[in-house]
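For reference, chains read A, B, C, D, E and F in written order, and residue numbers begin at 1 within each chain.
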Amino acid sequence: MMRRLFPHPFLSVTLFVVWFLLVNELKIGSAVLALFLAIIIPLLTAPYWPNTAIVKSMPGLIGYFFLVCWDVIVANIQVAKIILFMPADQIRSAWIPVPIELRTPEAIAILSGTITMTPGTVTADISDCGRVLLVHALHAPDPDAVRDDIKARYETRLKRIFE
Amino acid sequence: MILSYALDFALGSFALAWLMNLWLLMRGAGIVDRILAVDTMVVNSIALIILYGIRSGSPLNFEAVILFSMTGFVGTVAYAKYLTRGNIIE
Amino acid sequence: MIDLTLALIVALPFIGALLTSLSIRAGRDICALTAGAVSGLALLLLALHAPAVLAGQVVVTRIDWLPGLGLNANFMLDGLGLLFAGMILGIGVLVIIYARFYLAESDPMGRFYAFIMLFQGAMVGIVLSDNILLLLIFWELTSLSSFLLIGYWSHLPEGRQGARMALTVTGAGGLAMIAGMLILGNIAGSYDLSVILTQRDAIQASDWYLPALLLILIGAFTKSAQFPFHFWLPHAMAAPTPVSAYLHSATMVKAGIFLMARMWPVLSGTDAWFILVTTTGLVTMLLGAKIALFKTDLKAVLAYSTVSHLGLITMLLGIGTKAAASVAVFHIINHATFKAALFMTAGIVDHAAHTRDLQRLGGLRHLMPVTFAIASIAALSMAGLPPFNGFLSKELMLEEAAHTTWFNSPWLLGVLATCGALLSVGYSFRFLSAAFFGPARSDYPDHPHDPGFGLWFAPALLAGLVIVVGVLPMTTAAWLVDSATTAVTGAPFTVKISHWHGLSAPALWMSIGAIGGGMMIVGAHARLTRLWQATPRPDAKRLFDAIIEPFAALAQRLTDALHDGALTRYIAIATLTIVAAGLWAFSGGNHAPGTRAATDVPFAAGAGFIVLVAAVIAIVVVHRDRLLSLVLVGVIGLFISVGFAWFAAPDLALTQITVEVVTVLLMLIALRFLPARTPQESSLPRKLRDALIAGVSGVAAASLTYALMLRDAAFPVISGFHLAQSKPGAGGTNAVNTIIVDFRGYDTFGEIIVLGIAALVIYALTEALLAPGHANTRLMPLWPAGNRAGDRHPIMMVVATRFLLPIAMMVGVFIFLRGHNMPGGGFVAGLIFAIALLLQYIASGFAWSEARQRVSYHAIIGSGMLIAGMAGAGAWLFGLPFLTSGFEYVDLWPLEKFELATAAIFDLGVFLTVLGAVMLALSSLSRFAIRAGDRTNTQAFDIDPSPGGA
Amino acid sequence: MMSHWIIAPVVLPAMIASLIVLFARHHLRAQRIAGVVGSAALVAISIALLHASTLHDPEVYFLGDWPAPFGIVLVLDRLSAMMVALTAFLALIIQFYVIGTGWDARGKHFQALLQFQVMGICGAFLTGDAFNLFVFFEVLLIASYGLMVHAGGRERLRAGVQYVAFNLVGSTLFLFALATIYAVTGTLNMADLAVKVATLPAGNSALIRVAGVLMIMVFAIKGALVPLQFWLPGTYANAPGPVAALFAVMTKVGAYAVIRMFTLIFPPTVAATGGLFADLLLPAAIATLILGAVGIIGATTLSRLAAFAAITSMGTVFIAVSAFTPQATAAALYYMVHSTLAGALLFLIADLVAARRTDGSLRAQRPAIAQAGLIASVFFIAAIAMAGMPPLSGFVGKLLILDAMRDQAPLIWSIVLGTSLMMMIGFARAGSTLFWNVTADPAAPHPPQALAFAAVFALIASMVALTLGAGPVTDWLNQTATALHTPAAYIDANRLGMTP
Amino acid sequence: MMELLIAITVGLLTAAGIYLMLRQRTFPVIVGLSLLTYAVNVFIFASGRLAIGLPPIIRDGAMGYTDPLPQALVLTAIVISFGMTAVILIMALGSYLEAGDDKVDAPDQGAAQ
Amino acid sequence: MTLLDHIAEVVIAGLLVTGGIFGLIGSYGLLRLRMPMQRLHAPTKATTIGVGSALFASMLTYAFLKVTPSGEELLVIGFLFVTAPVTALFLAKAHLHLTVPRSEVPPTGTAKPWATFSTDTSDEFR
């Protein structure tokens, strides 16, 4: 029964939180409405999100989120330095293919999103077989290091969360 | 006091960012660069509205900001998909 | 004596027209019978009134129609009316009988008799009208029915052209007469003749007399084919002979004469009348007779002789004395008898000898003795020989002419009248000799012989009249002439008609001279004909066409040149007109400059302005690159939205940005099928012209804006109420939203209907374009050209949009619910839902998304409109006007107080309509791509990363 | 007295159209039944409204129960009731014609769009608010865009784009005018505008004159006044026949708006504007009449001829309107009703001919058409009516106008009568080409479409009634015109003074 | 000052809009129409005069409000012009597919004969 | 003004300044970086740190100075975080398709090409 009522438990939680971010008030009335919407909307949109990935470890996901936040701040400063101080000819941009073991679309999406959001690297494409990500690095004297860092730091965590 | 100086600085810098985006748009860069410039303009606009919200103290522009952030990317994606696929709904 | 029979007499022929067009189904005889019976009945009714009228009484019928204007269905019957009505109906019956036998089997008789009866009713209407506006109605009706009759044989080009020429000339005359009659009515203070005819002095004293006279005479002269308007009559001869006999001898052409006679009491007697009418009459008499002398076609001879005789009558009316008027009346009667007879005999000859050309006729007196007898009686009377009636009225006419000084010469009129008589003798004798005398010809197609009784009975009767009136004028015609002349002159009059006026009467010698001269002309006809051919003669038809055809060609060129579908020129003209009118209006008033303090410009706003200006200028510069101009439109929309947010208009910012996004999507989908670039087409001068127009408009708009912004409104703005009442009255703090859904909810009701209609139009047009046909075939090959990137539905986009959809819906619901108090509302919520759904279409494809669309967009639009309408109509249950909203606060433990407003139901309707409309519009547009050969997908994304995948 | 019935002409068609869209999308029969029932009901309601407006002073319907000038009001007076009745009557007749010829089966949503068009027109006639007039202009316009391109086709779509583009310029202009009016007077309610424009302080006359002129330009576009009439021939000639017939009432919305706005808000007595509008209107109207008459002679197809005939009607109406006297306004109203019926009739006939003849060309000889006799006679009647020849209402209308404009007789009479002659020549030439100058080949058979002819005869009958009933009709119109030129009752009905 | 900038914006948008409407292809005409729509929307908004920082949302202690009515009118104008733009767009597309060219100035029916 | 408000004011000012700086860097980077793909990196900076700090500043302002907590800023950050990668991906694909020479891009190392370069449309029919 729970499965039918909550096809996307993670989504329902997110929606519940989103409602409160919107209304900016902690009131019972809002809570009831938020609960109602958090149930109804995922049901309505279920057909648009078939076979959703199951989040195996919620703490893992939250941990991952803060990790990314931190990485974003640190990497931002690095890239800022490159833009401000590094003369154009010294910048070594590179295309880096990153083979991935992730199989769930959500995980792949989050990985490529993380890569893009951490400044300095952008996910440009995926191979037609879905096994390799094409990443463009702004300044990567050692491309392999970037690849390994991505796989180690993010892919392993995502594998634990989703698979 | 320092808050209003900081606000002026932030407003000024994002407005300057606008002008830079305009320069890229007008400079005759490739179409993809121009779309990038416009996308950045949207982001700069979000920042400016938030900052203006802080200055005027009215939380009324939040709905606008939410919508800017939600819909801003749709345009960029549509232009890019048009360039790559020639069609946006297929 | 008020009597409705007059109205009935006029109505009968019209009823007859209806009956004949129906009774033709029962056969040609029945049809002719009904026409004859109806005319006969009308004639009978008329006859019933004859004794009273002859005794001097005037029968009147008054039916109010448009008293405010003075146009009433008032009829009157006096001597003049009796004479003409009798003639119209009498000859009408004879023509109906004659036509029965004349028309060929292939000629549609029902239509013929219907038109004849229509014409007859119109003529009777003219002669019996008391109200001159009513007379005008019947007057134009005669033109219209004559158009139909002349064009009866519509397969003949001359029939069509003759009909159009007659309609143009007589119609133009009728229109001129409308002006004349209106002037007359204004002077006299009424449009009823019974009043007008008593206002002689007032009318003739008014300085509007001359224009009225001129305009009325134009009407009369065009109808009666008087010089210079005589040229249409011969071309009317293309009509069947009964029509020629009836319209162009007995009745229609006499309408002008009737009008001059009817208006005689008030219009005649002035120098203007005398000069205009007499001269025109005389010239027409001479010109008509001269032309008749040399025409070879029998009906043309008769037609021009009619013109000549009408000129004679006009001249007599022009002379202005009572005696002359009586002669005019007498000649009207006589001419009707012998001319109708002649026309009918001409028809018989045409029927028998299959030609009307005098040069190919001859010697018919042996072959057609009866016809010869009738024709000679009528022709001799036309020539004015004793003892026939034509001689009597011609004698009296010569008498009158002799005693009238014309252009201060006492004898000139007499001499010219005699020449007229001489010429009429000439063409009458030539007609008889050419057709009937000389050796019997052998080259007739099939042996001509006298026709059946039905065909010669009518002309024979008329010929009989010619003799009887000629021999016993006083007993057979005087009473009618007296009665008619009394009606015309407005005073009692008795006429003395006799053959012999004594040796001293100048008319005698004038007649002798005329007859002698006429004989000589006939003798010398051959030589005179050659002389006639030598003189250049203006061909009226070419002259008429020389005016009309080039005008029509010019009209076509001008119209097509002006309305050639050049939208850019239309808009350029419109813009210049609007700006010019605006400037002209502004310069005419005085403008007190504004008193408001100007607001300063912070740096950020300045930067925004610069970007906006740059984008607008850029769009004009690069407008040929369509994708780039779309991007720039996006920039402009963005900065206007930011501007709205900046200037304290949050609702506008929301709506503008969401509409902006959907518009961009729409334009991009359409751009896929349109050429990517606009070709360079405008020449430099054209660009400068357009730039100038645009510049002027821009400056005007800017200065108007500036003028407004620095001035306060002249009165306190009404929105003060909206601000005051927003919370207490409408239960919401967001004044803009309360205006939209409550104070001016009716605007919004109209507005969502517009949006709904837009979607329906797009859907309908999509269906039309996708249906097999031209557009559809053009779509098929539009497979996107060559290099198209792979990966139609990238995974990251699909996952992101799947995540965003529910969240966007949450934001949509939030904005919907708080719209009443904070920025938001049904529109924006609808647009947000639509954009979220559209993202699914973009990310996962058309087919995949459509498959998940459980409720059709049509249903959403329809229900949205219904809900909005019902929300509005709900107020009726409480006896309140449409769209009255109510709200109260609900306290449901444990929830906080929340507000229930009916406006929310209305806003739900708005929401659904907007959602349905946007989705229907974009999904319809997207179907063009599907139609263009792209294959649809059942999976959300193309790359399958799952373990089992490729 | 009529209370909620006043809004029925707007809500009824809207709801019926919505029901059609919701439930009867694919069932043409159901759409037709709903459409005809709706149109018939609207005729009944409009007759009741007409009766009520005759007995009582103007009655105001306060939407949302908000007092004027703050809320939007509908005002039922004789003029609006008359125009609503005319629209309802014409719509019903066109319904029959459409069903008779099966036009609605040639594309989607015809019946729904027809109901929306009627809703927009009735909304425009009834509203007492300037901005709401704009909204309902847009409703009727967008419905007309849909109807105009119904069933698609190359020429129709090209003309459609031009029609929409030009009218969008008009809509934008309307908004410029409304914003200026609001900026100057601070109100949008027409009655309130009347009061405020009359008492406008001196410094505002320049701007209010601009607003007034922009407003008249908008209505000039709608009413096809020179030089803003170029869009009409291409649109009307290419629109489906019955749609063009319905458009005959759309141009009249422009005339109605001029009459309403310039007797109520900008009468000649207003100091700021004075004779400004008459100076603009008369020359434009004369030019329109002449251009239309020339167009009738120059037209190369029957539908373009009908379009130029519509332009002549507007020229004639605006000539009378520009006099701004009660008698002239009454004459204008009479001629407006007449020319709507005559214009619609002519377009229906053009459609009948086009359906039976390879094309409507007036410059080429074609074989005779089916039912030629019947169609020729109704064409003859329509031509007489449109050219203003007796015995039909066109003649009476022109007589009323000539009589009403006596003091400008030399100019006005010569133009009105001269153009009537030109029209007569044009129609005679057209009729001769269409029905007389035909090749000998037998007529191609065509279904008799009795219902379509019933609609045509209904229009003819209505014109005959208008002619015979001219006496009482003109009395009624004179009272209506007098009321229009003394708008106190209209203004008072809005109860402006009352604080809420 | 700000009023002047807004006036210039309206003027420029009107000028650009009209210039593009005078081009001979449907697409620039449609772009011109949307610029014209922007111009008039800003113009209506401007008719409520400027009041920086005073949104028409009723709240206690507000020093005043921007005139809410023009804002409501602009909202109506935006939505209606969106409907109109969508319709003219589909018509332009239809006309292009049917006729084979996207010219606006085409030989009208009359001149074709 | 309580001590806490003073601290908050300083923190907010700091956030505003950093936001401004990073916003500038983001847009400046767009101009300075010459290669198209390089330019793509610049806005991710402005998006993350630039607007992020402005949003945080707004959150803190309402939390402390205006005492009405507001969560909308988080939502905006969330939207930006979700949508930015999508725009970056599409712009990169556009570059790959239009401006980047194929030779520059290393092979995938598997049998299939990069999705943007693939011309095999069979997978489009599932």
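We take it that contacts are C-beta pairs under 8 Å (C-beta built on N, C-alpha and C of every residue); 3 or more make two chains touch, one makes a residue touch a chain.
All of these numbers come straight from a predicted model, not from anything done at the bench.
Peer 1: How short can a chain-to-chain path be from subunit A to subunit E, counted in steps between touching chains?
Peer 2: The fewest steps needed to get from subunit A to subunit E is 2.
Peer 1: Compute the shortest path length in steps from subunit B to subunit F over the network of touching chains.
Peer 2: 1
Peer 1: Using mean CA coordinates as chain centres, what's the gap between subunit A and subunit D in Å?
Peer 2: Centres of subunit A and subunit D (C-alpha means) sit 62 Å apart.
Peer 1: From the C-alpha centre of subunit A to that of subunit F, how far is it in Å?
Peer 2: Chain centres of subunit A and subunit F, defined by C-alpha means, are spaced 13 Å apart.
Peer 1: Using mean CA coordinates as chain centres, what's the gap between subunit D and subunit F in Å?
Peer 2: That pair's centroid distance is 57 Å.
Peer 1: I'd like to verify one number: the distance from the centre of subunit E to the centre of subunit F, where each centre is the average of its C-alpha atoms, in whole angstrom.
Peer 2: Comparing mean C-alpha positions, subunit F is 32 Å from subunit E.
Peer 1: Of all residues in subunit F, which are in touch with two or more distinct other chains?
Peer 2: 28, 40, 42, 68, 70, 72, 75, 79, 82-86, 89-90, 93, 95-97, 112-113, 115-116, 118, 120, 123
Peer 1: Residues of subunit E that contact two or more other chains, please.
Peer 2: 21, 26, 29, 39, 43, 46-47, 49, 53, 55, 57, 69, 76, 80, 83-84, 87, 91-92, 94, 98, 104, 106, 108-110
Peer 1: Hunt down the residues of subunit C that sit against at least two other chains at once, touch-wise.
Peer 2: 559-560, 563, 565, 567, 569, 571, 575, 606, 630, 646, 648, 650, 671, 701, 704, 708, 717-718, 722, 744, 747, 751, 754, 757-758, 761, 765, 768-769, 774-775, 789-792, 794, 796-797, 800, 803-804, 811, 822-823, 943-944, 950
Peer 1: Can you identify all of the chain pairs that touch?
Peer 2: A-C, A-F, B-C, B-E, B-F, C-D, C-E, C-F, D-E
Peer 1: Over in the complex, which subunit F residues touch subunit A? Could you list them?
Peer 2: That would be residues 22, 25, 28-29, 32-35, 37-38, 40-42, 44-45, 48-49, 68-72, 74-75, 81-82, 84-85, 88-89, 92-93, 95-96, 104-116, 118, 120, 123 of subunit F.
Peer 1: For subunit F, which residues are in contact with subunit B within the complex?
Peer 2: Per the stated touch rule, the residues are 9-10, 12-14, 16-17, 19-21, 23-24, 26-28, 30-31, 36, 39-40, 42-43, 46-47, 50-51, 54-55, 57-58, 61-62, 66, 68, 70, 72-73, 75-76, 79-80, 83-84, 86-87, 90-91, 93-95, 97-99, 116.
Peer 1: Could you please specify the touching residues of subunit E with respect to subunit C in the complex?
Peer 2: 1-31, 34-35, 38-39, 41-43, 45-59, 65-69, 71-72, 74-76, 78-80, 82-87, 89-94, 96-98, 100, 102, 104-111
Peer 1: Using the touch definition from the top, list the residues of subunit F that touch subunit C in their complex.
Peer 2: Within the complex, subunit F touches subunit C at residues 75, 79, 82-83, 85-86, 89-90, 93, 96-97, 112-113, 115-121, 123-126.
Peer 1: Along subunit A, where are the residues that touch subunit C in the complex?
Peer 2: 8, 11, 14-15, 18-19, 22-23, 27-29, 32, 37, 41-42, 44-45, 47-50, 102-106, 108-109, 112-113, 123, 125-126, 128-131
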